Structure formats: C-alpha cells, structure tokens
C-alpha cells in the first residue's frame, strides 16, 4: 500500500470506528428510556422535594375532570395504569385535552396535589375520518386516545 | 366556496405561509436574474461606447 | 529651503543600552536622507523615533509640519478593501490625490475593491505607498520602501520620491541594497553603527 | 488643530464601525450569548416566574459584562499586529481622541445592544415591569465604565511584561463591585425600594473611570509600542 | 469505472452553456407541473378529505406540514451528495447546485417549523417546546442559514462553495436525528404515521392529497433549483463569451 | 512516520501551553468570568437554597460554554496571521495530529478549569451533593465536544470577509443539543432520577464529534489558507 | 541526481481564473530554480502550491522527501524567544544543526533569548532562515529570501543555498532584484507570466 492509501484506509477505519461506537453508545442509552416526563408511580415512589419543578406525564383518568364554577381552574387526575396523581391547573387547555388523552404537565407537587402551570397534550399517529373511528369503535378496536 | 373549518385561522395561516414562501422562491431568482442581466447589459453598452469612441 | 525635522544628540535605549550612537539629523525640504546599516542596527528604531512613535531617551526632536510613516508593517486592514483602507487614511489629514488616482499611480488600478488580505506581498507594499499619496504631508519616513517590489515597483518609488522632493517635501528612508535613483545632489547618506556596549561604572 | 484631531478620531470611528460590520459574527457573539442565556436558563431552571425574576438583573448584567469582555481582545491587539496602532502615534496627533473613538465603538457594539435588548430580556425573565427603568438606567450608566476599565486592562495585557499582566489581573476585580452595585440597584427597584444610592455610586464610579482610564490607556499603548 | 463514466457524463452536462440552456428549457415545465399538482393536491386537502376524528380540520395542516418537512430533509440529502462530489472532483456545477439547494431547503424548513407551530398551538397547547424533533428541526434551519452565510462570506465563490460543503457534510448527521427523534426520545411530537414498511396509520381516504403534495414539492424543488443554479452560473461567468452570446442576444 | 507525526503534535502542544502561560491574563479570563457569575448570581437571587440549586447546572454549563467561546477567536487566527498555520500543511505532515493537539490545549485552558472549579461552584450555588458527580461527569464528557465543535465553527469562518455572524450561527446548532443533554442529566440527578441515558447520549455526541470534527477542521483550515 | 519535486501541467485558480500559465517544473537534487515575475503574478502562490499548502486545481504534483517553506510571513511567535521558536521547529522533523549553531550561522548569535516580537525585520528573516538549518530537509522553498537583509545577510543566504545544493538538496526560490550568487550552472530560471483570461466554451 502506498502511504496515501494507507493514510486513507486509516482515516476510513477511524471514521467507521468512531461512528460505530457513537451509534452503539447512543442506542444503548436510548434503551434506558429517556424520560421526557415523570410518571405518577415515580412521583409517589420517589418522594420528590416539594419545591422541585418537573414534568408529570400520563393519561387523563376517565370521569376525573372537574371544572371550577367560575374561572379557568380545572382539576383532574393523571394515571399511568398503576397510580394516580391529582392535578390542578389554571389556564387554557389544549384542544386535544380529554379523558383518556396522554398529557404532560409542568409544575410542582404541593400538598399531595400537582400544581400545574402548563398542560400539554400528546396525541398519536392515527389519522382517520370520524365515521371510520365510529365503525372501529363498534367492532371493538379502540385505536384512539393516548399511549 | 370557502369551506367552513374548525381551527380555520390556524389552517389558513399555514396555507398562506406556504403560498408566500413558495411564491418568494419563484420571484427571487427572477429578480436576481433581471439585476444580473441589467448589469451585464450596462457593461456591454459601456464597452460598445468605448469601441465607437475609438473608431 | 526650510527645515522639516531637527534633532540633536538623539538617543534611544533598549535593555538599558543605547541602540545607536547619539545622532544629529536635520531634514531640509527638497532633500532625502538615506539610512543604511546592518540588520538590527536601529534604522527602524530611528525612523519610529523621528515619527514620534517612540519617545527619545536623551536629546531632542522637533517636527515642522505633518509626518507620514510607512513601516515594515503595512498598516492595512485585511477585512477592508484597498479603497476603504485608503479612504480612512485620507480623512486623517489634509487630502492629496483622490483614491482612484493614487491606486493607479502605484500600479493597483482595478484592484480597488479587493480586500487587503487578498493582496500579494508586493501589492501590499504598493498599497502602503498609496497611503502617502492620498494625504499631503511634507515629511515622509519610509522604512525599506523597495522591499518586495519588482523593478517597475522600485521605479515607482523612485519617481514618487523625486516628485515629492521637487514639491519641497523631505524624505528619510532606510534601505539595504537599492538606493533611490534620484538626483544624487539631493541625497544625504547616514550609515548607522552599533553603539559601543556601555559598562555601568 | 482641534479640527484635524476630531477628523482623525471620526475617521477611526467610522472605520471601526465598518470593521465591526465586516466581523459581524464577532460583534454579535455577545448578543448571541445573551440570547442563549435567556433561552437556556429558563430551560435549566424551569419557568417558575418568581425565580426567574430574581435572577433577571444578574443575568442581564452578566450578559453585558460578557459582551464587554469578549470584545476586549479585539480592542487593540489587531491594530498592534497590523501596524495601524503605531500610526496613531505618528506626529502624536489625536491619540486621546482616537482612544475615545475606539472606546466609543467598543461600547456601541457591546454595551448598546445589551441595553437595546434588555427590555426583551427583562420580559422573558419576568423582571417586574417597574424595575425595568432602573435596569436600563443602570446599564446606561454602568456599561461605559465596563468599556473604559476593560480598555485599560486590554491595553495593559498587550504587553507580556510581568508587571502589566499583574496590573490587568488587578483591574478585573475592580469590575466586580461595579456589577454588584448595578445589580443591587435593580434588585432594590424590583423590591420597590429606592435604588438612588446605588445608582449614585455607580455614576461616581463611571465618572472616575472616564477621567482616569483614557490617560492610562494612551500611556499603556505607547509603552507597548517600544 | 462507474465513477469514471459518471464523471464524463457530468463533464458533458457540466459545461456551463449547455447546463444553462437545459435549465432555461426545463424549469418552466417544472414550475407548471408544480402548479398543477399543488392546485389539485390542495383542492383535495381542503375540500375532499374528511376532518380527523380527533383533531378536526386542523389536521389539514398536515398536507403542508408533512410534505414540507420531508422535502426539507430530502433536499439536505441531495445537497450532501452534491457537496461530496464537489469536494472530491471539484466539479463546478455540483458546487453551484449544492449551494443553490440551501435557500430552498431553508424555505421549506421554515414552512415546516411555522406550520408545525401553528398546528401545535391548538393541539398540544403550546407553540414551541424544546423536544427532540422540534429542536433538531430548528437546528436544520440554522445549518441551512449557516451554509448560505458561509457561501456568501467569500468573494471567491468556488472557495466559498468548498468550505460550505464541509459544513454540509458535517451537518448531515442531523438528518437521521430529525427522523428518528420521535422513536429515540419520548417527544411531544407524534410518531411516524406513514411507514415505508408495514401498514400506515392513516386512513386510505386521507392519503391522496398527501401524495399529490409530495409530488408537487419535488417538482417545486427541481424548478427552484434550476432557476437558482442558472443565476449562479451567470453571476460567476458574467465576463465570459458564452454569457454574452446566450444572455445578451436573447434579452436584447 | 507515525512517530514523527506524534512528535510534531507534541511539539505543538508544548508550544501552545507555553504560549498560554505567556498570556496568562487572557488565559485566566474565562475563570474570572466563572467566578463573577458564581458570586453575582447568588447575590441577585438571594440565599434561597432551592432556587439556586435549580439554576446550578445551567449556570456551570453556561460558564463552560462561555469559556470555550471566549477562546475560540484565538484558536487558529493568530496562527493564520503570523504564518505558523500554513506551516502545518507544508508537505501535509501531521495535520490531524496537530489539530488534535491544538484542540487539546484549547480544552485544557477552557474546559479543565471549569471542571476543576465546578465543585466549588456547585457548593456556592447549592447544588445537591449527590448531583455533583453527575455534574462533573457531564462536564468531563461534554466540554471536549465544546472544543471540537467550536473548533469546527472557528475553522470554517477563519478567513471569511464579513458576515461572520456565522461563527455564532454555526455554533448555535452544534452546541444547543449538547447543553440540553448535559443540563438535563444534571437536573435529573438533582431530582434523584437516573441520568444514565442523558449521559450516554452526551457521550455519543462527543464521540461523534471526535470522529468528524477534526477532519472537518483540517479541511476547512486548508481551504481558508487559499 | 535524483528528482525531488515533479509537477505536470500545474494550475491554480482564483475567482475562477487561472493565476499563471500551466506549469511544468522538475526539481533535481543539487539544482536551484529561480522564480521571477512582476508583483502579483503568482510566485508566492506557486511556492505554496509546491509546498502542499494549496491544492492544485489541475495537474499533478509529487514530492520526494521532506519540504521546508519559508514564506513572506515569518512563522515566528512573538511571545516565544528565538530559541523556543527554533526548538519547536526542530521537533517537527529529523533534526539538523543544533540551535546555537543555527543561530550563529544566520548571524543571530547572542539573541537566542530575545522574544520574537523584539527582533528587527532583518533579524526576523534571519530567524526564518535558521528554521531551515535545525531540520534536515532536501527541498527548500524560499519566498524572497533576500528581502530586508543587509549585504552580509544576503551573502549568508547565498552560502546556505550553495551548501545545500552541494549536499544534494534542491531549492526553489522567488526573488525580485537579487539573484543567488552561486555556481550559475546550477540555476534554472523560470519567469512567470500572467495567464490570459480564459473563456469557457
């Protein structure tokens, strides 16, 4: 091999090794589930410090939404299948906010409630006309609403 | 004619943003070409004038 | 003939030692003084003293009129075009030639909008010389004006010096091999020598 | 005589501004930084409004300080290296005027943008509205002092002689009290207290540096050319 | 071997005057194709397809948002390939084409960001969130702008093109990150709806406008690219004889 | 062959370090800045420990970012201007090795001091003790990437005429993800959550820039010499 | 006699135009090539191409052995002393003379611990030449080696070149007035000319 070839081969080898390692490391850490939010179970298990702000994520529990008589305040519960956390929020909810929907809320734990100052709705990747959805509902394939 | 949509303002703004940006992509090269050609024509005119003066 | 620059027993020290022997130097209008001497003897130092950049340690220096100094460093901003570099210079003192003329005079016609950084070594020196033309200054201090110039460039320098002397200006220049090819009557030569090392007694 | 001096200084100032635009990236670095701070800090801290508002004066002033420091490197060194600095002293014309012009352009690219963007920053960082005035006043009074003192430090560090390095290291701590007065004033205003005393001290500080710094800078520059 | 033939081919089309002629003839047709497909696609999108069961009519933003996003990423890929060729063989035409890609890509990235934001406000409840998909897309916009700026900052165009090519290649890492961000991270942005392998999670009745819009953005890219490359050629060769022949005669 | 390459790089590295000590004033600027931030912020915010602790990761990382940015200007420009940079390419020997040596010395003057002082900063900013480890790890993994990516941006814009708004525009996309991962990791650690995934991604980011940036830098430097 | 440097149809372009006419240039060991031509014709560009700093746009270039390049820019760090500047250079390739000898050879004896910034113009050039001596390199590329040097300095350059050729080295140098005073048999002259403006067909 000529020196230039050798040099090129070295560079390519280094590139492959570098990119390979980077990908491997990335994939391994990705498997550890990067948390964009904290689930209700974690909240209850881990005893977060009271002044700590964090994101709470989960599904809105059916029949838990209560609007205040006046003002924008709402209360609802968020669950991850295992545990539930009550949430209070004072502000405008996103349109996708509904029972069974996946949401992420920013705020603090106070007095056993999560005081949110922002509520975001997550939605899924399914797109279909309402009629199709109704038909699906009838046959028992509920594909909508949250993750 | 114009469909009644929920979230109409968001939809229409999105579509117009698309329209405006695409139109800009169409117009900008035209403007630039016109400028380029104009400047080249001017240079050419100067050269011709110089040649005429020489004769 | 008037006096443009007077010095008496001028001295400058570095590391506690005089750089060259104490110097008397008077520049008359219409005359050029050619400084020669080996590398490191202090030609540049002397010119910078005369320009007022350095302050003499002993002796005195008097200026009569404005001074222009073109040194080893080109004093050109690489980010500015040739024209912009000159425009700045023009505003600093009483204006001389206009910029296009000055550029043409030093052989840089057509390069006015090239950034300073993209000039060749000789072109940079030429731009440095053009700085002399856009301002009216009676006294020119030139440090190796012939360095890096081709034959045509060297003749330009000779012409510029000749015209400047005709106009009643004065020139002090440092040079090595090439001496100015102007009327030899108008040239004075000063050869600098290393000052003897002085011992503290 | 005086006229030619102002001409020279004005020409220098115009050229400096032209160069600043040519090197826009470097000139914008401080602003970019202010922006990053304003974006990143809430990210790290979370948007709790109370917390942010307490930090606001500090953050804005840190940005101003940073902008000033970042540009110090360019204040005299490029001119020293390409030979334009020695031209300032040829015939000794207009050295103070040029120093002042240079400092003015330094302030215009570092101090002014921070002042202009401070209302935005204050808003994003939730500074109480009634404290905004004090913030701006503190910046207007204080940032010139940053330029002046920074310029002194920069002219001293041009040379590598041990003594000047030491001196420049001594100057930086001088800047800290300045910033402390300034943020103190804004915090007081935010708490609806009278920031007058703090601002007065700040002004005294600035006036003092306005008188002393240019002389020091001119001397230090000349020393470096030897 | 393959590279050699490819290179020769490039040299043929790569001669400035013949490319100029090619661009002048082809670009109007591409614009026309774009106008027709876009008109039809948008008609379907606004009048024909039904609203979404969850998102209502806001889902119609999809027909702008998604094609723009895809095209912005696609342009980056094209640009990367061109940049690699330009760096290795110094073919001027590929340099010019690569540099002409950037503003178009930036425009479509901007469309994607703006429409995404407009869609996010009613659906998620926020204009902007520093989630992985959104951040990486913003990064793409900055990279595009960086490329344009870098190219413009050199007065020797070819030198600028080569330096910008280095940035293009370095920035290519971002593309897979944009695409897979929704899988790798738990983002606010939804996952993939249209899947190349396996069944898509979109009802077939909603698909046609998307397909038309995807085609139309491709045509748009081709047309805008040829226009820009043509201008760039003119600018670089303004003092050459073929320009005088081609341009001055046809336009005077 | 390889030996002469490492020799050349080692010589460059030694010379860089020597130069950094000669210009101690400039080299210390970033540290000075870190101190100002650490002193100022608690002053402005008041001593509420919770508030401070939430800002700590962001503040320390901002200081690291800043230190890195401050020195970017000097990474290649002086060498371009005094002709030492073109010597790197004579006979094309050891360019990568030298680029790496230069980046290493950049990191030593900018990244390392921040790491060394981060425990102090963490203490003063009331970062929970158990998060200190993560902070240090994030800095150790992340600051080299700052040097690498900053170097890429600096080399790309080395000889650009003007609009080097660039340096900032180019740095922003390169560095924002990094800072987000890093501060994310520390915040999670402060919340007693596992920062492993964030740190892993940070590492991947750094490894990737370690592979790609030097090649890009070498190519960009060479083109800027034309 | 062996070949040190081969080029065939070498071209370099700026602003899309070739800088000089395509060039054939072969450097044999024991020979020197003298490049001349007006300011801005591309001498420096050519030397930088030969050094490998610039990449040719067309044509090819082959090096046989190490190369040293001394350009317009001195490649000297002002903050380091002369000795430190050389020490760095010495580590870059196979070592030649030791530092004290190299300094003495170029007439800088006794200035070893002076910082680079405090050298006069000629002293800086001399230090640049000393860089050639502390390493063993068969091919020297010198850009205006005589600029700013006094007579003694110019003779030093001549001697260095002569000795290098005797040792089987090769030299390419650009210069304006002064040509190397060595055995004329060993010199080849190349005069660069501006390339005609080319038109794409």
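Letters A, B, C, D, E, F and G name the chains as they come in the text, with residue numbers starting at 1 for each one.
Basically, a residue touches a chain if its C-beta (ideal position, glycine included) is under 8 Å from a C-beta of that chain, and two chains touch if they have at least 3 such contacts.
Predicted, not measured: the structure shown is a model, and the values here were computed from it.
Undergrad: Give the identifier of the chain nearest to the protein's overall CA centre, each chain being represented by its own CA mean.
TA: So the chain nearest the centre of the shown protein is F.
Undergrad: Looking only at C-beta pairs in contact, point me to the busier pair out of E-F and E-G.
TA: E-F
Undergrad: Roughly how far is chain C from chain D, going centre to centre by Cα mean, in whole Å?
TA: The computed centroid separation for chain C versus chain D comes out at 37 Å.
Undergrad: Quick check: how many Å separate the C-alpha centres of chain B and chain E?
TA: Comparing mean C-alpha positions, chain E is 19 Å from chain B.
Undergrad: Roughly how far is chain B from chain D, going centre to centre by Cα mean, in whole Å?
TA: A distance of 43 Å separates the two centres.
Undergrad: In angstrom, rounded to a whole number, how far apart do the mean CA points of chain D and chain F lie?
TA: Taking the average C-alpha coordinate of chain D and of chain F, the gap between them is 24 Å.
Undergrad: Mind pulling the residue numbers of chain D that touch at least two other chains?
TA: 22-23, 43, 46, 81, 160
Undergrad: What positions in chain E touch 2 or more of the other chains?
TA: Only 51, 56, 58, 122, 130, 155-156 qualify.
Undergrad: At which residue positions does chain A touch at least two other chains?
TA: 26, 30, 33-35, 53-54, 95, 118
Undergrad: Note which residues of chain E are touching chain A in the complex, please.
TA: 49-56, 58-59, 62, 122-126, 129, 131, 184-188, 190-193, 201-203, 205-206
Undergrad: What part of chain B is in contact with chain E in the complex they form?
TA: Interface residues on the chain B side: 3, 5-8, 10-11, 13-15, 17-18, 21-22, 24-26, 28-30, 32-33, 36-37, 39-41, 43-44.
Undergrad: Applying the document's contact rule, which stretches of chain A touch chain F when the two form their complex?
TA: 3, 11, 14-15, 17-19, 21-23, 25-26, 28-30, 32-35, 38, 42, 46, 48-49, 51-54
Undergrad: Given the complex with chain A, which residues does chain F contribute to the contact?
TA: 1, 50, 54, 188, 190-194, 196-201, 203-205, 207-208, 210-212, 215
Undergrad: In the complex of these two chains, what residues of chain G are touching chain E?
TA: It comes out as residues 13-16, 57, 197, 199-201.
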